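Shared between the two complexes below is chain A, which has chain B as its partner in the first and chain C in the second.
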Partner chain A sequence: MTASGRTTPWLLSAPALALFAALLLTPLAMTFLLSFNSFSFYGGIENTFGPENYIEVLSDLYFYEIFGRTFLIAFITTAICAVLGLPEAYILFRMKPAWRSFMLLVVLGPLLISVVVRTLGWAILLGNKGVINEFLRDIGLITSPIRMMYTSTGIVVALVHVMIPFMILAVWAALQRQDPATERAAESLGAAPLTVFMRIVLPQAMPGVLSGSLIVFSLSASAFATPAVLGGRRIKVVSTTVYDEFLNTLNWPLGAAIAMLLLVSVLTIMIAWNKLVERRYSGVFE
Partner chain B sequence: MNRNGLFALCFNALFALFMMGPLIVVIGVSFTPTGYLEFPPSAISFRWFRAILDNPDFIDAAWISLELGLASASLSTVLAVPAALAIGRERFRGRDALQALFLSPLTVPTVVLGVAFLRFLSLFDINGTFVGLVLCHAVIVTPFVLRLVLASVTGVDRSIEMAATSLGASHWTVFRRVTLPLILPGVVGGWVLAFITSFDELTVTVFIVNPSTTTLPVRLFSHITQTTDPLVASISTMVILLTVLLMLAVNRLYGLDRLLIGGEAR
Partner chain C sequence: MMDQPAFNHGQTMAFLELQALNKRYNAVVAVEDFNLSIQRGEFVSLLGPSGCGKTTTLQMIAGFTQPTSGSIMLNGRDLGAIPARKRGLGIVFQTYALFPHMTVEQNVGFGLEMRNVPSHERRRRVSDALDLVHLSHLGDRFPRHMSGGQRQRVALARALVIEPELLLLDEPLSNLDAKLREEMQLELRRIQQEAGVTTLLVTHDQSEAMALSDRVAVMQSGRLIQEDSPFDVYEKPATSFISTFLGKTNSLPALLERAGKRTQIVIDDVRLAGPQTVLANGPVELSLRPERIELTDIDKATLSGDVIERVFLGDHWLFRVETPIGKLLVMQRNLGRRGAEIGERLHLFWEPEAMRLLPRGDVS
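Showing the complex of A and B:
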């Protein structure tokens, strides 16, 4: 690979590049253009070009509510994932190898199981006549069922279940990069376990928590199956709104505009978050 | 070196229950002899597993998902392996941009990908076709294959390849007899992860299927949004069983944490 050194990598990448140019870049560009077209109930998509769809979305409080709800759900889900995922990853990290590989299967395995199946599980658990409500009624804690289906709370609980393996993986990767000698040094100098965790482990695991938060937030903000099943028609989020515009109302241009706004806001938040993290940890990664 | 205290072990047990709870409930419900969702089941019955056989639309959907997973995972592996060889071991202008592009389906919200594919395929009048599904799924699963193959490519000792070349092996022979066997765990791991991702994909697929190419997750989803009965539970139990078998196999072969992190750990 000397004479052809310059073209070889491009030749090797060409097939994949062709697929991505045709089936990723082109469709995204076409959707962007579609969002400027207009739609009429009788004529369908019309080949006009203007910002009407964006004006419609940005001037309607209904859409603000949906975007606000979506990002609030994503934010709370991320916070819970961080608070629960960090200690769990640390506990896994300290386990004996045999136990650990079993527990990793239990904790990370659900990641590979269909989101539809996991959401079905939550629908069975959270319903008014669901497993949790029946159990609480049987032990006499409640008389009337607590409403968890078709609420934002129910969506958050199920989303935490879907997303927390990503947080654990990110923290896990960070913990594996740390030098175990630092913990032992702190212990040998007489630090209490909590002090070791707060002063030694936490700072080293933090980059993992931050990168995990980024993944969890962006996936939660665009989650579809969980809010669609557990939120139903009542609790709409951005992705279910886009789905309705495209497949029920058939107003594709408006749906495309909402999708583009979701893409832009998720990317903006991700870039801002990355900048923030880089500035905070600029010294650590050098 | 288990240095976890009692509190930590209790936390871990509760956490495991939280992770397993929804799956246990789905499996439990599927064994009910009654016609409604009942947990724990009052008796063990295979009634709802036999009922799957009376629902050919679910069986057809399962076959389509299986074929789609096999086709898109294989296509993306064939494309991603050479791309990973280029990105992993060559230094060239545009390399970072190329890698970012191939990983970008992980960053773009899936619902945006879904509508983009729908718009593209319907303009060419191939929306709902199996070929359209395979191409779109290949895009979605390529990042998973690329990450794992990249991780194994960077671990390859190039002097072995040079030795083969100096002994007169052609480029193709070097790849087939030396490089490929060395990166095979990454390639197989990536293929399995791609297959599972495609087999389970809902958000994109729901936009681009028609009634004759409906996949299993889409069929399950549209059934669940209307009604939850023990039938969807028994089908879901079969999905869980299939996934767990694949997972155990790949855990043996590659290590689940390494597979999911993308090969960097360990």
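Showing the complex of A and C:
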């Protein structure tokens, strides 16, 4: 290969690489460096270098609770998205073409609306004087409102709404790759509809569910708008904690350390998950 | 049909009986007034061009498509109200439709599992089925690590292991390359005979239909137009469409005349002695197979003409010859000599009986 032949691909990807470096790697590197600086209430950020912030986070149970809550919320959101999204994608997949494109639009439509707007919508529904509580009280089912705002449950509900299109898209892609004749083959061999779904469709859709889970989990774990609006001060997750450290306490180095820990833990979980999936399905799917 | 089974509630009914089957998709008529009987153990091919309704017919027998009207009787029972999963038919799909997440053994065993066959018997029958298709050594492979021919055989084993009353094959060989296809044709025939299963094959490949089946049923635009042994469909095509669809033929418009008992063929101003026929005088379609034309000397020639095209195909030559009745395709066995050059004059001879007369243009 000639020298120019070797450099051409690099030249062609240079603009994208430059953008990538400028907008992602640089801030990331700076955040990383920032997380080793120290902060004092009177002196502000000092340009020292040491692991104090990490030690502070890792030795304080308060932060463990926040991380634990974040991952629990992300995990439950992912599980609900998988359980709801898989049948939903399958039903969509089996619809008549005209209906299908319409319903797909309905499912993906929410993606066109800002997360903040959608979350505020949930706040209107879930509040103590919100639509749901007012309704339940009016029909006499409850006397005092059920608390749904500022709870993990509320956050999960809203996150599922935000995230489920991603799951459906991922499962949809997997369903589309599968040969529709496999279902008929199973049927001709005597399988009842539920058996066909459980034994033939589900296993073939599994790679889609798993990659969808990866997307939903990482987006949920780092989601900001939804927990910020629906969790408020009371139910803190990692991203809102970072936000508070930066903008309220002004302890940027500590915020940076928490952000780095979030990044590393999400990455670790994702890579482990991916490895698991690859090992499980290596013989079966390309 | 002479050899009908004597049972079946005293009726004389074939093993599989399709009666007045119709399928309409809104305005599209996919299958129209389709009648076909198949005897037990028979291998029948449904042959026709793309879009003529072969798959639709097969899917109706399989139970995946509801007929608009008509009935399907298998071994005396009406399949109409029985769902696909309870019909107990073996089906091989065009794409094979193997379950990609199961090994070969799991694929083949699936039907037995659905029938709650105990696991030791299941293992035995799966291994018998894999023996039958010569794949016993690949039992724990996944389908995607197999070649097209191997997948095809797995699909066949999976369909046969449930000991179906009827085996349905939808273009099972069309995804294979030419050489493998020929091998698999022989293989398929052997397996079908060993298993002794009544088989209906759908194909648009006439050589496949002829090589494999006891009987060929030719379809055209949703209708059955001829059913006969491979030899008879080839030699005595009912319409000019069939004569051109099966094999190569020279199809020429001609005029039939009679002089006393003898017939004459008139094309332009050429008169030839004609074959025996029941057709009335007047316009007919003449079909003359290229392999029935022989090369001869000038004094014995029926007609002569110049070679305008030639193709060498290994075991034979194919010439296009410009004759007074039009361009004729002539086939000659390769006897180890050089074939005629372009521009060379050839003297052609054929028996009058080699010409087949068909009604003109009603169907085509």
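Heads up, the rule we're going with is that the second predicted complex is superposed on the first by the 281 of 286 C-alpha atoms of A that agree within 3 Å, B and C clash if a C-alpha of one lies under 4 Å from a C-alpha of the other, contacts with A are read in each partner's own complex, and residues count from 1 in each chain.
Everything that follows uses one rule, which is that a residue touches a chain if its C-beta (ideal position, glycine included) is under 8 Å from a C-beta of that chain, and two chains touch if they have at least 3 such contacts.
As the structure is a prediction and not an experimental result, all values here were calculated from the model.
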Check your understanding: Which partner does A:T182 reach: the first (chain B), the second (chain C), both, or neither?
Key -> second
Review point. Of the two partner chains, chain B (first) and chain C (second), which one does A:G121 touch, if any: first, second, both, or neither?
Key: first
Review point. Which partner, chain B or chain C, touches the larger number of chain A residues?
Key: B
Review point. A:A272 contacts which: chain B (first), chain C (second), both, neither?
Key: neither
Check your understanding: Just chain B (first), just chain C (second), both, or neither: which does A:P203 touch?
Key -> second
Review point. For A:A191, is the partner it touches chain B (first), chain C (second), both, or none of the two (neither)?
Key: second
Review point. Which residues of chain A are in contact with chain B in one complex and with chain C in the other?
Key: none
Point to revise | chain A to chain C touching residues, read off their complex | key: 178-179, 181-182, 184-192, 195, 199-200, 203-204, 206, 281, 283-286
Point to revise | chain A - residues contacting chain B, complex | key: 1, 5-6, 8-10, 12-13, 15-17, 19-20, 23-28, 30-31, 34, 84, 87-88, 91-92, 94-96, 99, 101, 103-125, 127, 131, 158, 161, 164-165, 169, 172-173, 176, 193, 218, 221-222, 224-225, 228-229, 232, 238-239, 242-243, 246-247, 252, 255-256, 259-260, 262-263, 266-267, 270
Point to revise | chain C residues within the chain A interface of the complex | key: 62-64, 84-91, 93-95, 97-101, 110-111, 114-115, 142, 144-145, 158, 162
Check your understanding: For chain B, which residues count as touching chain A in their complex?
Key -> 1-5, 8-9, 11-12, 15-16, 18-23, 25-26, 29, 37, 39, 78-80, 82-83, 85-87, 90, 92, 95, 98, 101-102, 104-105, 107-113, 115-120, 123, 135-136, 138-139, 142, 196, 199-200, 202-203, 206-207, 217, 220-221, 224-225, 228, 232-233, 236, 239-240, 243-244, 246-248, 251, 256-257, 260-261, 264-266
